[in-house]
Each structure stands twice: as structure tokens, then as C-alpha cells.
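Shared between the two complexes below is chain A, which pairs with chain B and chain C, respectively.
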Partner chain A sequence: MAPDPNAREQSLRGWLEERFNLTEMFSLLTSFGLFPAELDARRPLREAVDEALSRPFPSYARWPRVLGILSMLLFVFLGLTGVMLAFYYQPTVSEGYASVTTIVRDVTFGSFVHQVHGWGARLLVLILMVRVWRFYFQGMYKGPREALWVVSTFLFLAAAGADFTGRLLPWDERGYWATIRGLEILAALPVVGPLFGFLVGGTNVDSLILIRFYFLHAAILPALILVLFYLNFSAVRRVGLSASPGESRAAAGVFKVHLYNMLILASLVFGFLVTLAIVLPSPFVRAADPFVTPPGVRPPWYLLAWYGFLESFPSLVPRWVRGLLLEAILAFCILLPFIDRSPGRAASERRRAILLGAVVLALWILFTWMGYRMEAAR
Partner chain B sequence: MEPQGGGPKAPERRAVLGWLIRGFLSLWALGAAAVGAAFLKAPEEEKRPSEGLVRCGSFSALAVGEARLVRHGSDPLFVVRVSDTQVLALPAVCTHLRCILKYDLQTQTFLCPCHNGAFDRNGNVLSGPPTRPLAPYRAEIRADEVVVHT
Partner chain C sequence: MIPAAILLAAALAALAAKPVTQCTLCHPDVRVQFDRSRHRAEEVTCTACHGGDAEAIKVEAAHSGSFLGIPTRRDIPHLCSSCHSDVERMRGYNLPTDQYALYQTSRHGQLLAKGDEKVAVCTDCHGPHEILPPDDPRSSVYIRNIPKTCGRCHSDRARMSPYGLKDDPTADFAAGVHGKMLLEKGNLSAPDCTRCHGAHGATPPGVGDVDKICGQCHTTTRAYFLEGPHKEAMDRAGLPECASCHDHHKILPAEIGMLDTVCLKCHEKGSAQAKLSVEMKTLYSRASEEIDSARALVDRAAAIPLYVEDYRADLEQARTTLLESLPVTHSLDLPRVEDLTSQARTIAQRVQSELNGKLEGRKWRQVGLLVFWFYLLLTVVILLQFRRRALAEAARR
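So, the complex of A and B:
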């Protein structure tokens, strides 16, 4: 055998390979969509990966299938920056604002990490929402993808929950009052509202709710999101990528192309986030004062439509009825694949469904605008 | 292994045992869920008699018709001097969406900065989105100090 320049590295891998099944460990990534090809766990890692790279594989790191993997990449990125922030953050009423001030002002690159984490969260929620809309308009909730639809809607809800709980943590003026506004919206929902209030320890925004929000934000919801991503990608592997109506399957390349696409995607996302964080930093102005409501307090953007919806009724309609209506709409969205059972996916076969979707989307935008205007007037 | 010669009753007995086991296991699950839920329920803050009293400053320093915002816990309150001898204590939190109210001395009303809700000096809704009035606290004057029972 000719002397190998990588002999040392190879021997380390060989040493490990005798003690662990590296291929099996590496194939964990398969379940999270990061390395989506099947690996043969009986073969050594290098061999199995090489074999997988040359297999034909339709890339989903390109439009319009990009949204799932994009949200996974963002989630990984948020996890990393979140851990970085957790090294300095203290989840108490007295120290919360001060510790974030330390991160933003004194820690090297602290402000950058803080901003990038915030923008990443906004982008994640937005992408998961766009993904659900795309699934709807392309009829992708239909069999055998019902489970994928349900998982996707829960992914959006869980990500929105993680965003909502994260906003309170800096204990600044905006986050504090946005949380109060959001909690009032949730309190209007029968059953879900009291259950949520019970889980976070009431609707008074105090130290108890802060520590519970912190734990939800940093442990429970990320774990839930990870499980949902796992379910999402295993459903995708089981039922296969869907060809959009009218798309030919001939365009599939090899797996290596997909990995390159993913690399390009990751760098684009990172570049976009860095740009946003630098060009449009979100304000971090003043510590929360429970005795002064600042002007222009709004709930987070994804709750604005709910807020506009709840508040636009005449006061004759009791709040719990409005809340019940909202819950019915949400339940309808989640259970959609079991309500609309018609098989056709082509746009020509589901004119009415597309019209309904367009109307709902228009109403959503209208209510978001109304929720926004409710505070902008003064 | 199925015991030999168990007769026709054996599968039935097995089914009953199976249900008993499931029953006991679900009791465990129920108990565990109850413990979990009871633990999550935050304890009520126990109040000593003196803690229910909020000292709201001098009575004579307030002119008639004037109000003072008292910062207390997470629910601040207003004390309003209504006459030579009487004060009123009202929560300073709007009943609509929990914004902190402001007192307008000219009109003697409480105004909400968020959605223009307005309450009169006694806490009744005058206009705007709130539907419930402000529920007054019991207030008294002890040696020129306004004391509010919360």
C-alpha cells in the first residue's frame, strides 16, 4: 500500500470505528433532514457516505421545497446562539434586564449575537408559516401527507410559542408589555387560555412567570420542536418528496448536488441574518416599568391578526365567544386533511379550496393590519 | 406458555387479569399526573394581616379632587381625595387590556393611554372599549395617612 497522507486521521477513525458504529451515529442526521440519504450501517462511514453521495436524489434545498430544511438550519442556528446567550443571561426580575445589558453592551459581539438570535426567531416563525400556506395552496395536506400537515402546523405553533416566551426574557419595556398584551389574547381563549395560565403560573407578569417562560423557551419548547422536526422529516422520508403538480421527476440530480445546494442555502441564510441584524437592529431601550404603559404596545406580529379579530367585535359579543370562534378556526386548520378528503391536487381540481385560502389569507392580512392600527392611532 | 388443561375459563381469567393490570397501571398514571399538576400550581402567597395594608402617604398633602398613583406590587392603585374627609382607592389597571391608567385632573377622570378607555372618579366606565368598572378597594385615614386594604 502506498503511504497515505491522511494515515493518522484514518487510523483514529479506524480506532473509533472498532468501538462505535460511526455510520449508525452519523445516520442520526438523516432523521433531521440534514443528510437525508439512507446509509448502510454495516459498512464503514467513509464507504457508506461515498456510496450515498453518488445516488440519484431530488434536491429539496431548492425552491419550492426549501422551506423545511431552511427552518431546520435556522433552528440549529438559534440553538447555538441561544446557548451563547444563556452563558450570561440571568432569568430574574431584578437581574434580567441588567444581564442582557451586559450582553449587549460589554460582551464582545454580544449585541450581534443578541440581534441575530432575535431576527433568526422572527424568520423561523415566518418561514414555518409560509410553509403551511404553501402546503395548503399546493394541496399537500392530502393523503398520504395528512400527518405531515398536522406536524407542520404544530411546528409553526411551537415556534411561535418559543418566540413569544423569548420576548419577555430581556425584561425590557417592549417585551414586558407585548407579553401582557399577548397573555390577554390567550386569556380570551376558553380552555386553552386557563390551561396556559396554569402552566405558566397565572397572568400576572412577575418572577414566577419569568422563570417558567425561561424554562419553556430554553428547554421544553426546543425539545418539542426537535421532536416535531424528527416527525416531519421521517414523514417526508416515508411518503417521499411530493412532486408539485405538473413537475417532472427527470430533473433529479445526485445526492452530492443536494448537499451543495444546502451549503449555498446555509450561507445565504446566514448572510441574510447578519445583514438584518446589522441594518435593522431591534431596539432594546429601557427596563420594564410595571407602572407605566409606553405608547404603541403591540402583541408579537403573528398574534396581531388574532388581536384584531378579538377586538373588532362589538362589545356585545362576550370575549369567550370570540375566543371560541378563534379556537374553532385553529382546529379547522389543524384537522384540514381530515375534513377535505377530495383526492385531486391540481389547481384546476380545487378551485374552491384555493379561493377559500385566498379569502382567508386576505382576511388574515386585514386583521393583522387592524391589530396594528389599533395602537398606531395614538 | 399456555398452561395445559386450563379449560375454557383460562383465557377469560387471563383477560380479567389483563384488565386489572391495566387498571392499576392507569391509577399510577393518574396519580403521577395529579402530582405533576399539583406541583405546577403555584402556591398562593400567604398574606400576613399587615401585608394586606398599603400605606399610601399623607392625606392632607392631597388636594380635593387630586389623585396619587401608588406603586404597589404588580398592581398599582390610585387614591383620590373626594372630599374634606373621604378618600377613594381604585386599581390603576385598565380592565380592558391591563394598561396603566392616567388621572386627568381637569375632568377628574381616569384615562387609558392605550385605547382611550375612560373611567370616572368612582371607577365607572365612561367611554371606550372597557366593559367592567374599576373595583374599588377599602380605604381609610389613620392619623393623616391613607391606608388601603388590598
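So, the complex of A and C:
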């Protein structure tokens, strides 16, 4: 069916549609989970969107299956605020702290943007971690979602990496010493530690590591996270959202409703971030002084358990063995779908796996607490 | 053969270059000490002090003629002065030549003249052979070592009791503010013993001279003190001026809290003078507290962060003005003290009120947040409406 040229020319969209495939461009949003339904790229935009939105959508496409889209939304906010911060930030030892001071003190809304960025990062890491735990406890790593599981774990690791590299950038004493503690943990890991040391130039926190962290934080890791999000949503579209056993797969509406749900969610996430940034701003601490270690130096919270594990074990076990053990646990987590190949997803069929998960979660909390206490005791 | 001959010639040449002294053949231990001294570097020989023949190898020949042996303590000052009071000879080193004259006026020199050989002579402080210049930190007369050097005798109670000296000045000095500055913090501007007592002319300052001695460094304080009524009254009563309140070796820190105790040493509690001290202290403390709370407020604002650099500079100014009031208290002139303390207080209060205003202004952010939520919820309500319509539409199909 040939489009009517006269009708098309009437609007800017029509004019553009003649020259670009707007539908194909718009479907990029779908690729990154920001638009819920797939589009038929051969049809004009309006038509394709209308068609997609009127498709039935499954009843279970809601909480807690929104953690993925929630993290993508947070990532978008982080990207926007990050770009704003990058306009003023200078990644050098001499100017880094001063430029962040300028952002949070002198630039209009600079402090607000900075706080939103900080809270967004914390929430992103937290949500991606909760997501991995949920996948585990609900057996979501089983076929055909093995790839989704692997992508999700890497997403968490990449987000944690972006958070870790971002903490150093203000060059304040909290970020500086958290980085030193974190690098000590990484250095204790066999193979990964030396490899990381080779990439960022050792564990000396200096101007070189700052510029490398900045590049990782502002270019490499966001790109990696975007790729992982793409793979994530691609996998979700292929294998579909997971229905819990016994849950109805019947249609509960159309995708248009789902789109509104997502818009409401986005508004609330934005509101939540703004509220956190204004009500609970993180304090602005002193510039890093390599010769003065402030009290309470801890690695970031997601590394506390590793820290507690590495430091509190009896020295009987060599440090590298402990490091190797951590690496083994991590590898086990990533490769879990290929280790546990039992098909059942119902809780009754995987009592042992759930027990194991509960024990690991309890240990993780215990070691986090120990890692936290370690600095309080010093 | 030829290299051996060259070596021999070189060795002979080296020997010939040094002043020939055979004394150290028998006195090697003295040589070790002497070789480190300033005298050795300036090529002063053994015979300059001990006489005799430095070139002789036999003991009898060496210890003959002008030989003095170990100079008696009584002779040492005069012996040293034979070079050190010689203006021509000292000119090249730019050294003063009045030490011997000063020494003769000192307590040490006067007692020595009376035949008391237990008093300090040159070698007691400077050492006999290993004499180092006073700017060498290893020297016994380096500024930070002087309290210990003086204390070798003056902290020995058995030795000092015949002279009626009972306290331990070295320990007292170390416990006082001057001692802490010099010995603990290494502040070389702080005074050592000689700064007040003189070095070669060491003598305790007379009662009426204390303010002059302290005033060498504490010039403004002395000026205010001289303006006040204490100078005349203390001279009449025969009290040492500064030391009456601040003590002498164990110098008390010049803190406002002193006013609570030292005034009551002479003035009765409840007297007009005691009341004046309380008033001055109150003025100072009030301003000081005001500055402290302003500083805490500035720190709080800096952690947000707000721009506080100007306020910090203001508070520095306030602190300086307040510190100026401390020397002024020596004049006992209450209006002048009040003037300075109220200046300091006014600055601190202005900083507080301006910062409080700015911090108060930040509360509007919360109001802004409420407005934000109102519009956000409005958006959500509109979206819910659209959603309902979409649901209805889907149901119709």
C-alpha cells in the first residue's frame, strides 16, 4: 500500500518520514527497554506505534518484573546528570576537588545535579543486586533464561565498577580512601588483581589512576552497561517475561496501558531521586590528603563483605587462597545456570537451592557487618 | 717501582702540609675530640693553650719551656681571652670580643675573682677540646641545648644549695611555655636561658628590670604594662613585675583564665581589683565564645557547601582583634579592653546572623520540593487518567 504523498507532506513528521526511517530509529527505544513493544519497521511511525500499543500484554508484566526497566531509567538519569557534571569536572589531582567544589557550591543547581547523580548511582547498584537475588530465589536463571542471568550478573558488576570508579573522581577524603581500600581488595585476588593492576597502573592512587578511572567511569563502563542493557532487553523480548509457576498468562490489557505504567514509574523514580537529593544530601567532605587517614575508612558497601571476608579470616589461610575462594564464588554465581541444570522452578522443587541461597545471603550480610565493624574497632 | 715512589712522595707531601704536632702521639683520645672542633678547622694548635714544644718527640722536650699543662680553672677565662678579646685576631671571624669583659661582670666571673673555682668557666659550657660553634646543633651552646648545658650545674641541688639556689630551673623552664616552644616544638625564636640572663655576662635580672627583659620580645605588652598602675606599685613593693603573675622559669601560658587566680595572689576576693579582673575576663570570654560558635556555623555551612571563605577571613580578623585585647589587659584600662572585645564580638555576630540567614534560606528548598511533588503527582494523576482510558478502550475491543 503506497503512502499518499500529499498526506505525508503535511507534517514535519511526514517530511522526515520521507527521508528517514523514523520507525527504525524509534525502535532503538525498544532495544533499550524504554518502549515496551516491538515495532514493525516497515510501517510509518504513527501506524507502527499504534499497532504495537494495541497489542495485548500479559497480566504479570508488573512488580517485581520492573527492576530491569527501573535500572534502565536510573541509568538514563545518571547519564543525563553525568553529562552535566562533566561540563565542569576536571579529572586532575590538583583541580579535581576544586572543580567539584565549584559544581556543588557555585554552579546553579550544581549541588542538586551532583546529589541526584550520587543517589542514582547508589540505587542503581542496589537495584541490580536485588534483581540478581530475585532471579536466584525465583529460579529465573533456568532455561531459556541462562543468558539473561549471565547478562544480569555482568550488569551488576559493571554498575558496581562504574560506582567504584566514580567515587574517586571528587578526590575528597571519603572517595580517596574508599578507593584505596577497594584496590587493596582487588589486589588480593589472584589473576584478576594483577590484571586490573596492569590495566590501571598498580594500586597507587595518583593522577594516572584518576584519569584512567575518569575514562572508565565516563566512557568505557557506560558503553559496556549500555551493551549489557541491550543484551538484557533483547533476551527479555526473545524469551518473554517470566511468569511465576501457576500465574496466569492471559492478556490483561494492551501495551498502551503498560506504557502508561512505565511513564508513571519513571515519574515516581524521578520524584524519589529528587526527594533523596534534597532531603538526604551526602555531606561534602574535605579534600583527600594522602598523609592523613581519616577514621572510618571503608570500601564501598558492596565490597564490605569481601573486605570482611579477606581481613577477618584467620591468617592461617593465605590471603591469595581467600582471594581465590572469592573468585570461585563469583565464577560460580556467573555460571550458575550451567551448574544447576534441574528444570523445576517452583520453590517446592528447589528447596536445597533456596536454602543455599539463604545461607549465602546470611553469610554475605554477616561479612558485610564484619567488614563494617572492622573500621569501627580500629 | 715508579708508582711506589709516587705514593711515597704524595704521603710526604701530605705530611708536610699539616702543621707538625707530635702531642697526639701520646694523647690520641684528645686528638679525636680536637679534630672535630672549630679550633682544629682554624688551625689553632695544642700549644696555643697548653704551651710546650709541639715538634718534640720526647715527653721531656715537649713538656718544657712555655709548657702550661692543664690550665687552672682560675686562669681559663684569661687564657681564652688572650685570643678572643683580641679585636685584630677576631675580625676575620666577625666574632665579638667583649666576652671576657662581660664574664667579669657576671655572677660566675665575680665569684671566680673571689677565688670560688666551682663556678662556670669557658670550658664548662663550651667544652675544652671539642669546641663547636653555637649554630651547630651538636654544640653544647646550640640554642636548644643551652637549658641542658646550664642545667648540668644549676639543676644539681647539692651543688647549688651553698649559693641559696633551691629550684630546678632546667625542669621548670622545660615545663613552661618558653621551654615547650623551644624544646618540644623546635621554635628557635623562643628564648633559651641566655636570652634573659645573658650568656657570658650571666646574671639574674634585678627585680625592677624584669619588665625590660621580657619587654625585649613582648614589646606591646610591656608598653601597656607601663601605662597601667602595676609598674609603680610593684616597684614600691619590691615585686618582680612580669614574674609576679607569669612566674619566671616555668612561664605560665598567657591565657585569659589566669585572671581567675593570679590577681587573687595580691588582691582580696570581692575587692574592686578582683572585680575588674572578672569583668575583663567576661568580656574576653564572651567574644571568644561568639567567635567559636561562628566558626562552628562556618564549618557547618562549608560542609553543604556554601561559599564561606569571606566569613573565614572575617573570623580571622575577629580573632586577631580579640588577641590584641590580651596585652591591653596589662594596662587595666577596662574601656579599651571593652572596645577591642566588642569589635571582635560584633564581627562574629554579623557572620553568624548572615550565615543563619543563608542556612534559613535553604529551608525554601523543602517548600520547593513540596511544589515539585504537587506537579509530579498531578502528572501521575493525568497519566492514570490516560491509562484508565486505554484500559477502557482495550476492553471495548
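In this text, the second predicted complex is superposed on the first by the 363 of 378 C-alpha atoms of A that agree within 3 Å, B and C clash if a C-alpha of one lies under 4 Å from a C-alpha of the other, contacts with A are read in each partner's own complex, and residues count from 1 in each chain.
Everything that follows uses one rule, which is that a contact is a pair of C-beta atoms (placed from the backbone, for glycine too) under 8 Å apart; a residue touches a chain by one contact, two chains touch by 3 or more.
Remember, it's a predicted structure, so these values are computed and weren't measured experimentally.
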item	value
Superposition on chain A - do chain B and chain C clash or fit	fit
Touching partner for A:N261 - first (chain B), second (chain C), both, neither	second
Touched partner set for A:R19, first chain B, second chain C, both or neither	neither
Chain B, chain C and vertex chain A (Cα centres) - angle in steps of 10°	40
Partner chain(s) touched by A:D206 [first = chain B, second = chain C, both, neither]	first
Chain A: partner with more touched residues, chain B or chain C	C
Partner chain in contact with A:R341 - chain B first, chain C second, else both or neither	neither
Which superposed partner A:V297 touches (first chain B, second chain C, both, neither)	first
Distance of closest approach, chain C and chain B, by C-alpha atoms in Å	5
For the chain B and chain A complex, residues of the former touching the latter	37, 40-42, 69, 71, 74-76, 92, 97-100, 113-116, 129, 131
Complex interface listing, chain C residues touching chain A	302-307, 365-366, 368-369, 372-373, 376, 379-380, 383-384, 386-387, 390-391, 393-394, 397
Residues on chain A engaged by chain B in the complex (per definition of touch)	180-181, 184, 198-199, 201-202, 204-206, 208, 290-293, 295, 297, 311, 315, 374-375, 378
Of chain A, residues touching chain C in the complex	53-54, 56, 101, 104-106, 111, 253-254, 256-257, 260-261, 263-264, 267-268, 270-271, 274-275, 278-279, 281, 283-285
